[in-house]
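Let me begin by handing over the structure; questions about it come next.
Residue numbering begins at 1 within each chain, and the chains themselves are lettered A, B and C in the order written.
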């Protein structure tokens, strides 16, 4: 349930992108200009200027009609090259997936897990299958065209090489769209059929309103985090039971429109604020084992000095969460031990529109762990298909990225090499970004690769300094260069985590538009623009002879 | 000329290939059925039981997956392990479980993986949950997971032993034992199991220790053909009998006294002394002579051929009896199977119940009779006094109970009472025993309130 | 027959004889080295070629395999980049794509998309010229008729024979009604009938005022259709000029007639003898371009690095 995204830093991301682009392009321009100048003198410089001018003219005279023709050609080529064989693989995977995934005698309570497992499986299969198939197609397109020299007939027409690169990408994206469209629609049906009936309610798209979380310690003082009970995962912070310790959420812009009509046990309906929580309990002693740990929702309005205990509840189904309605009409205890009726919206929402909800643990000696995403206002859900297809959109964007990179790489290296390069590039992006970040930060001790290679066989731990001699200097220097290289790689690796929206879908949440979907779109565009230009540059500056 | 050269070279390669193929074909010739004798590889495979079908049940999914992965199984397994660790750390239990399943499909005959993962599920994951029912669910997951391993590795004794440990030890001895033992017979998932046990683990609705005993027996059976790698062999083979002790002791703990418990002790005694006790072990200390736990001095001198052998055999018997706590359990069972001891337990327990229900006169009579019986039995089996053991705690509980009753009815305890010797010698253990008794009484009163 | 070292002026002189006026293609000092992976020159495919092609003429590039014909053509089209020298084609540099609007190119082997059918192929190339749909349709039909493959218009090209592929290749080169047509070995792979059709077509295009550059090693083709030719050997220009002039032997006279009877032949011989002509041969005429070609190749082998004048 750790999918709550950080707000996307739009401006700084854009600036970094711009910086990288400027650095890359200016260095390319500088290098090519210098080499031209060196090899051909002043005439080289003039030729270079002429060719640059030609390039700009070509880019700006791009024709939609030609692009359409070329994209259509790419599409037809892919289809007639039997790209659709992927459906066979897909079908086989599905036929046998049941063997791996289903657990027939699961109790109803754990049937919800089936949703998570099936959805994760499907989205992973779609991601990797599309990526591999599209990578194979995109990387062999242009090299084959050059090898068979069919490209000769195209470039001797008014087709610009820019258009060729662009249209190749568009054509493959078209193929990918068709593949993904069919596979995802099939998958949706398959998920509905595979998930046990009792767990179908988990196939949904929760619309959460997230709050800001802060804590009070056991003395009631404000603090940024609660207690760590010794988990490796420092995601959740814990509050201690039967003390003044609280986890406090502040929800902005709470309006009556957020209220939902709910039904109580007697079948009566009432207006309530629907809260969903996933609170984890940690017992420091056995306590009462007949029930789960208890907690309270306390609604605070400091402006009016109101503190209303809205409900005392049990954790219940830990890790899968519980949904409760906070009634609009609540009973508040005043200081004189009298009770009066308060209205959730009119009396408890602060003037700035915020609502403060505190969670307290009532069992002495027990702890409750919470993170920001563990409590939210749950608005009426959207259909599951909404979040599912948003995740598919994420995969689609990833496919666009794959195709763009693949086509670009194929303009300067041969097919198999392009496939390996881009496959490695993407795999490292998926699995290695965090690793590289840690290598470059001080989080991991022990120095760089060479220093580690020296320390390991000599059993020298990271607290001991290396002996000061020229050898150490050399090691540090080489490591510095290696890290610099790694830093460069880090700058150009895409943050593919945005494309992976599995967390949302598997847990029954709607995909966050602003902090996940938008960044995914921007990352794709961010790679698309320079890649097309690089691809164009490479295709333009090479002789189209198969060698 | 060039062409013929190239052809000659190709022919040479072909010849070489055929030459290399000949030994492979001869070595790898399949056995069984045909008139030709099996090749060396084939006969070695069956000799060392390396064939998939020799090891256990074949899982077609797992075989298919391994084939599809070609040589990349190691990489895949590594990735899965690190994923599983990640899921575990981030408490994503569903995915952790399904990743474990995937790992085991790739390494179905890797015993440590089965042991590690089942332990992980039954002990670590289960402890993460707040509700006892959830904890029980995960203990079951661990046990069920292991059952697959036992089928797939049909000759391995370790896994069957582990299964016994989860079902006996985890269910019977953990903090939640009172709940778990109940759940084992009446699963909390009433929707699925209609109030009965989970048939995968306990088809007949038996006590967990009896089910565990069956697993230990299976482990012992398998151990005769394949070496176990968990414990000293004598200890390993004592587990079926031990389960009987655990069963009998658990009955007492549950407040079940009388004939059923006495019979359980009696069974345990006979199993211990006649089966396990008579089993012959060849231990490294006296490799030439078979040793067994129930050896008398006569047996030892009869078996040993030389004086040195006799000395070593005597020492070995003594050592291994200590390792298995053999003499204690024999003495304890011998004592517990006597009706008088059963009476003592019953009376003390009933006194506790009477006390919590405020029937003081009855309680006093019961506890005093219980103490007398208890003292009598300890006199009969004085050896038991030298063991630091639960039985003595029961004696302390009885004395404490007696003191409580007297206090409540305003009497002063006399200085001379049965079990006084124990009370005086075991002062250090009193706080623990008292705390346990107090908690029991508190829970008891809560239950009464509920009713 | 005399040989002479060629001079630039000689080339200029001979080009002034050509029929057209303004140059459609002008090549100056064009060289091309093929380099290996390390950038070291491996093969000098073309050495300092200077020539012009004028509007409305059919220009033939001749030479044995590997003489630099196709390289020249690819340089003209911007498929290869020159190591040295300048190219102006239709008034633009070779790398300028916009020149392609007015050019039609038939590659050495028809490098077409084998998964498309004939109609799709022409439609696709038509789109690259941004031809409107109706024009594309009309042209497609016309061209398929012209190259005689309209019966197979729906078949994928991978099922085509070599000759048919060649025809579609020609059709795609004409899809934009080009001013300048570059044909690389236009008749290769064609049967005699196809060969004839191709030559007729070239002449027809010439009549329409198109400029055609073709390269070939089949001399009969060249002789039949070309106005001017250049013979390349080893990347060097050896001979260039009008075909009729190049094959004309200044100190010989040829009498041509339909086949003479024995009697008639001896009478003619007698007449010639009367005029003191003794070295008379009577036989069937042979392709004199072939003579020229073989002689050029022969001499180039013996005395490399020289321009041969006729």
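The working rule: a contact is a pair of C-beta atoms (placed from the backbone, for glycine too) under 8 Å apart; a residue touches a chain by one contact, two chains touch by 3 or more.
No experiment lies behind these values; they were computed from the predicted model shown.
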Which chains lie in contact with each of subunit A and subunit B? none
Greatest centre-to-centre gap (Cα means) from subunit B is with chain C
Where is the C-beta contact count highest, in terms of which two chains? A-C
Please compute the C-alpha centroid of subunit A, do the same for subunit B, then give the distance between them in whole Å. 45
Express in whole angstrom the distance between the two chain centres, defined as the mean CA positions of subunit A and subunit C. 60
Cα centroid separation, subunit B vs subunit C, in Å, comes to 93
In their shared complex, subunit C is touched by residues of subunit A numbered 50-51, 54, 58, 61, 63, 65-66, 68-70, 72-73, 76-77, 80-81, 148-161, 543-545
Give the list of subunit C residues in touch with subunit A in this complex. 74, 77-81, 93, 95-98, 100-101, 103, 105, 107, 109-113, 115-116, 120, 124-125, 127-130, 169, 172, 176
Interface residues, subunit A side, partner subunit B - complex: 2, 96, 99-101, 105, 107-110, 113, 116-117, 120, 231-233, 235, 280-281, 283, 286, 289-290, 292-293, 315-319
Sort out for me which residues of subunit B touch subunit A in the complex. 61, 64, 89-95, 97-98, 101-102, 105, 129-132, 134, 137, 175-176, 179, 189, 191-192, 200
